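Each of the two complexes below includes subunit A, the first together with subunit B, the second together with subunit C.
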Partner chain A sequence: MTEFLESVLRGLGTGSVYALLALGFVIIYKATRVISFAQPAFMLAGAVLVTYLVGPVGFWLAVLIAALLTAGLALGVERVAVRPMVGRPAFVVAIITLGVDVAVRVVVNGFIGLDVRHVGDPWGLRTVAIPGTGIDLQQRHLGAFLTTAVLIAALFAFFRFTRMGLAMRAAAYDQEAALAQGVSVGAVFALAWGLAGGLAAVAGTFAAAGASVDAGLWLIALTALPVIILGGLDSLPGAVVGGLAVGTIQELAASYQQHAPWLGGNVSVITPYVLMLLVLLVRPYGLFGTREVERV
Partner chain B sequence: MLQVRNLEVVYDDVMLVLRGVSLTVPPGGIVALLGANGAGKTTLLRAISGLLEVHDGAVTKGSVTLDGDPIHRLRPAAVVRRGVCQVMEGRRIFAELTVEENLRLGGHTAHRQIPARLDHVLGLFPVLAQRRRHTAGYLSGGEQQMLAMGRALMAEPRYLLLDEPSLGLAPRLVAQVRELIATINAGGAGVLLVEQNATMALSLATHGYVLETGQVVLDKPAEQLLADDDIREFYLGLGAAAGAGRRSFRDVKHYRRRKRWLS
Partner chain C sequence: MGRHRSSISDVRRIGSGTLALLLCGALVACRGGDAETDASGLKTDVGVTSEPCPEAVDKNKGCIYLGIISDLTEGPFRALAVPITDAQKAFWKRVNTAGGIGDHEVDVTRYIRDNKYNPQTHNQVYQEIKPNVLALAQTLGSPTTAAILADMKASNVVAAPAAWTSAYAFEDVIVESGANYCLESMNALDYAREAYGVKSVLAVHLAGDYGDDAAAGAKLAAQSLGLTFNAVKTDSGADKQAGAIGAILSGRPDLVILTMGPADAAAIVGQAAARGFTGRFIGTSPTWNPALLQSAAAPALLARYEQTAPWDSWGTDTPGHQALRAALGGVTPNEGYTSGWVWSYPMKAALTKAVAGGDLTRAGLVAAVKSLTSVDYEGMLPAGAGNYAAGPNEGAVRVTAVYRPDRAAPTGTKQVRPLFTGPTAKAYTLDGPCYAKL
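Up next, the complex of A and B:
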């Protein structure tokens, strides 16, 4: 039982990182109807920025500044590479983001260099015991989970109560009608990219907490793809639930795989994709996605 | 004064949809724009409100001016800020948002005035005040039309462009919409009313334009249009033969009307 609960808590920690990444994908998709494959690069860029900033300003401030800088980077990418493509087929834009991803990662890799770089989080691999249960919880997972919860609450408030949040929801529903009300769709696109960039930076930092930042960190962001397809491409709650579910199942698979030796080692790596496959067989539009209405 | 001068609009670089259209909406007046499907009425509204770009259309000649300043190259947001609002055909409300959120969004460009405007609009549409927190998609067709008009009013427009506000509504609701347009106009806003329901439009308007295949073919005060024989036959269904009782389709020689307008 203890092992099970520990796995679940670990899963919620890693799942939070997936949820943050998936939220970025979904926000961009809802605003622009394009899947941005540049998220992994923003995540890596954010983590690397934190490794540079953590020395002078401390961890939390470093995360904040890195998130803002990455959001700025995402804004720039949107303005230069994506905005001129508005109105072109979504496929073309998606391929452009793929190119942006590779380009940004190459530049960022240059800054990683040969040394081992740490994000300098205050937790490392230390654990905290939950009193009375004998469960050990890694502090970094707790940190990731709480930070994600705060960010999601802030996002919810933003979309629910602010003028730009409302404009983004409206533009996601009907772009032309939003234009007719005087919403600047360009601003909505830019904001979506900025938000996604900032979230990716935070996700990257927590993905690297307790370990080191290397060029392979971006692979974690690939897991966000099954997460968004699982949760439904256009659903923010779906991204959160999907992220936490995928993280939990991945950790459970890692803990219990010795009971099924015929699966071989490291089966947890493919569990997100297996889960996605199973969900898609039952609900092709994801758990929370809008059912595509086909008119005949 | 909202003026359209010799406007030419092309879709996809090849489809010439408006061919030299000129039209004037005086401040505080109601102007009706009639025409069959595909005549270019909606395109004209899009050209005024800046929504052509979404549909790959472009103004190739002529101009749209608001009090003398050209506005046809502006972005939709800038046009709204200058006080020209379009209520699109088919209502196009944000079905997933609540009624109040829809209205708030209408005030996007004038967000400081939102609370005051919200009170004003809810006072004008008591139905919406009752359903303030409801999801807009669950409103009835008539209520949705009210919402679409209320949403446009949130920006405090000086000119309101209405695209078929009576579309798909029962006669009693059409009468209600008609009264609302009169009320809005009495509040000082100029209205450009695009309608298939010519009787309703001409009973409200002071001046009317008839658009056919991208050209203005008739341009007269509303009461003269109402009395015009061709208008009575083709738009009001009160043909010259109306007095002579029923007409047989056997006598109709052309489905496609061949008529040169001399006016």
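Up next, the complex of A and C:
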């Protein structure tokens, strides 16, 4: 039982990173109806920025500055590469974001250099014991989970209680109607990209906490794709639940895979995709996605 | 009608143009394919010119072009590959400064390509440079080199590999150096049994003939020594090690043999130790990167990890190591430099022998390799190393050194066991690639 609970807690830590990444994908999708494949590059850029900033300013301030700078980078990409494509098919814009992803990663890889880099998080691989349970929890997983919880609460408050949040929800529901009501849809697009960039930077930092930053870190962001399909492409709660579910299932699969050796040595790598397929079989729009109705 | 005639003539023009292009292409593809004999009686074909090298020391000498295909930008071994390549440039510069190979100098700078540690890319760039090079001064990676090996054999392209799979002992076109992963793992088990009394072993390895070869060596040694053995395959990527860590924690072996990249190894050692694993780890040489001593896994690496190596490290005092340090000046020490330097000696010996035999064609170079009975490694490997004429088993180098992480050492590791051949590796008959026995 202890092993099971420890696996679940590790999974929630890993899943928090997936949830932050998935939120970025969903925010951009809801605002612009485009899946941005540039999120992996923003994630890598944010983590690399932290590795440079952590020495001079400390970990938390480094994360904040890196998130702001990455949000700025995302805003720039939106203004230069995506905004001129408004009105074009979403597929075309998605392909442009793929190009942006490759270009940004090539530049960022130059700043990684030959050796691995470190985000200098305060936790390393230390654990904390939960009193009376015999359960050891890695501090970095606790840090990731709590930080994600705070960010999600802030995001939901922003969407619920602020004018800009309301404008973003309106634009997500019907862009033309929102425009007619005086909502600046351009500002909504820009803010969506900025938020997604900032979230990706925080996710990248926590993905590298206790480990290291190398050019392959961006691959973690690809796990967010089954997460958003699983949770529902246009659902913020779906992104959070999907991320946590995928992280947990992955860790459980890794912990118990020795009971099914016929599945191979590293079955946890494919569990997000298996889970996604299983959910899509019964809920084609994901767990929380909006069912589309088309008249023919 | 006029338009029709014009259209026919256009078609003919396009057709004849296409034919001309194809003929040109065929001619280019065959360029250098015919052997020539120069005034000194030296027979040459591809990749050898009478014109000087681009960065020639002596403009009166011709040029031998060697290609380099390495993991230079985004693959998992780039931290080793870049210094390997720099060391090879320095090695051949030293050879050229010392008079070159006969009436030729050697260029390894014009045809350098990045494989991104991807077999398809490796094959693509190999095909690009193949018409212009005599041989390959470096082909990095076991799975990547496997993608071009058949073509190399068909075209008589000799290569110095930046890898140690046991299959190379059976290939005439490969001039390998040092103990292969299989024999290295056997020595690792002999060492661990003697030093720590281990009774159970788990090999965590990448798929393919890098990881499989080391795991097979560990399996064969475990069988010979009566140890319990298990193996688990993993994937490249620090985030993909949860399965391997789970296998280590559930099996609780005394020793884990690691064959993967440095970030993967650090993730496994660090997280397994954080979750209470108290066994030992030994990684093959590509698992180490000095930057890991700055990572969160550093305490676990310092306490539980050791690394095997096929030759002595950067700071050793052999003539070869001294020449390496002198040639590279004030670079930050890195074992990639040492490896790149060592791997170049047999190519130099083969080229020298081919020139001495008057046949510097590709086929002549293969014949020279097959007749090499020793290579002068300037003390970096024991005397007798480089005996390609003796065949796979008799010619195999079987020595391994063991290192442990040490913050004070120039490359982050300190020797704990000098080059040795364990009883298991010594008794093993290399009768085929080890990975086939996993």
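Here are a few things to note about the model shown:
Here is the rule we use: the second predicted complex is superposed on the first by the 296 of 296 C-alpha atoms of A that agree within 3 Å, B and C clash if a C-alpha of one lies under 4 Å from a C-alpha of the other, contacts with A are read in each partner's own complex, and residues count from 1 in each chain.
To be clear about the criterion, a residue touches a chain if its C-beta (ideal position, glycine included) is under 8 Å from a C-beta of that chain, and two chains touch if they have at least 3 such contacts.
These figures come from a predicted structure and were not determined experimentally.
In the superposed model, A:271 makes contact with neither subunit B nor subunit C.
By the touch criterion defined above, A:51 lies against neither subunit B nor subunit C after alignment on the C-alpha atoms of chain A. When subunit A is checked against subunit B and against subunit C, the one touching more of its residues turns out to be C. Legend: residue contacts after superposition of the two complexes on their common chain; A:16 is shown touching neither subunit B nor subunit C. In the superposed model, A:255 makes contact with subunit C only, not with subunit B.
In the superposition on chain A, A:70 contacts neither subunit B nor subunit C.
Shared contact residues of subunit A, touching subunit B in one structure and subunit C in the other, are absent. Taken in their complex, subunit B has these residues touching subunit A: 49-51, 54, 56, 75-77, 79-81, 85-86, 88, 92-97, 101, 104-106, 108-109, 111, 151-152, 155.
By the touch rule above, subunit A contacts subunit C in their complex via residues 6, 109, 114-118, 121, 123-127, 136, 138, 207, 209-212, 214-217, 219-220, 250-251, 253-258, 264-269.
Residue ranges on subunit A touching subunit B, taken from their complex, read 87, 163, 166-167, 169-170, 173-184. Contact residues of subunit C toward subunit A in the complex are 73-74, 76, 78-79, 82-83, 232-240, 242-247, 250-251, 262-263, 266-267, 270-271, 273-276, 289-292, 294-297, 300.
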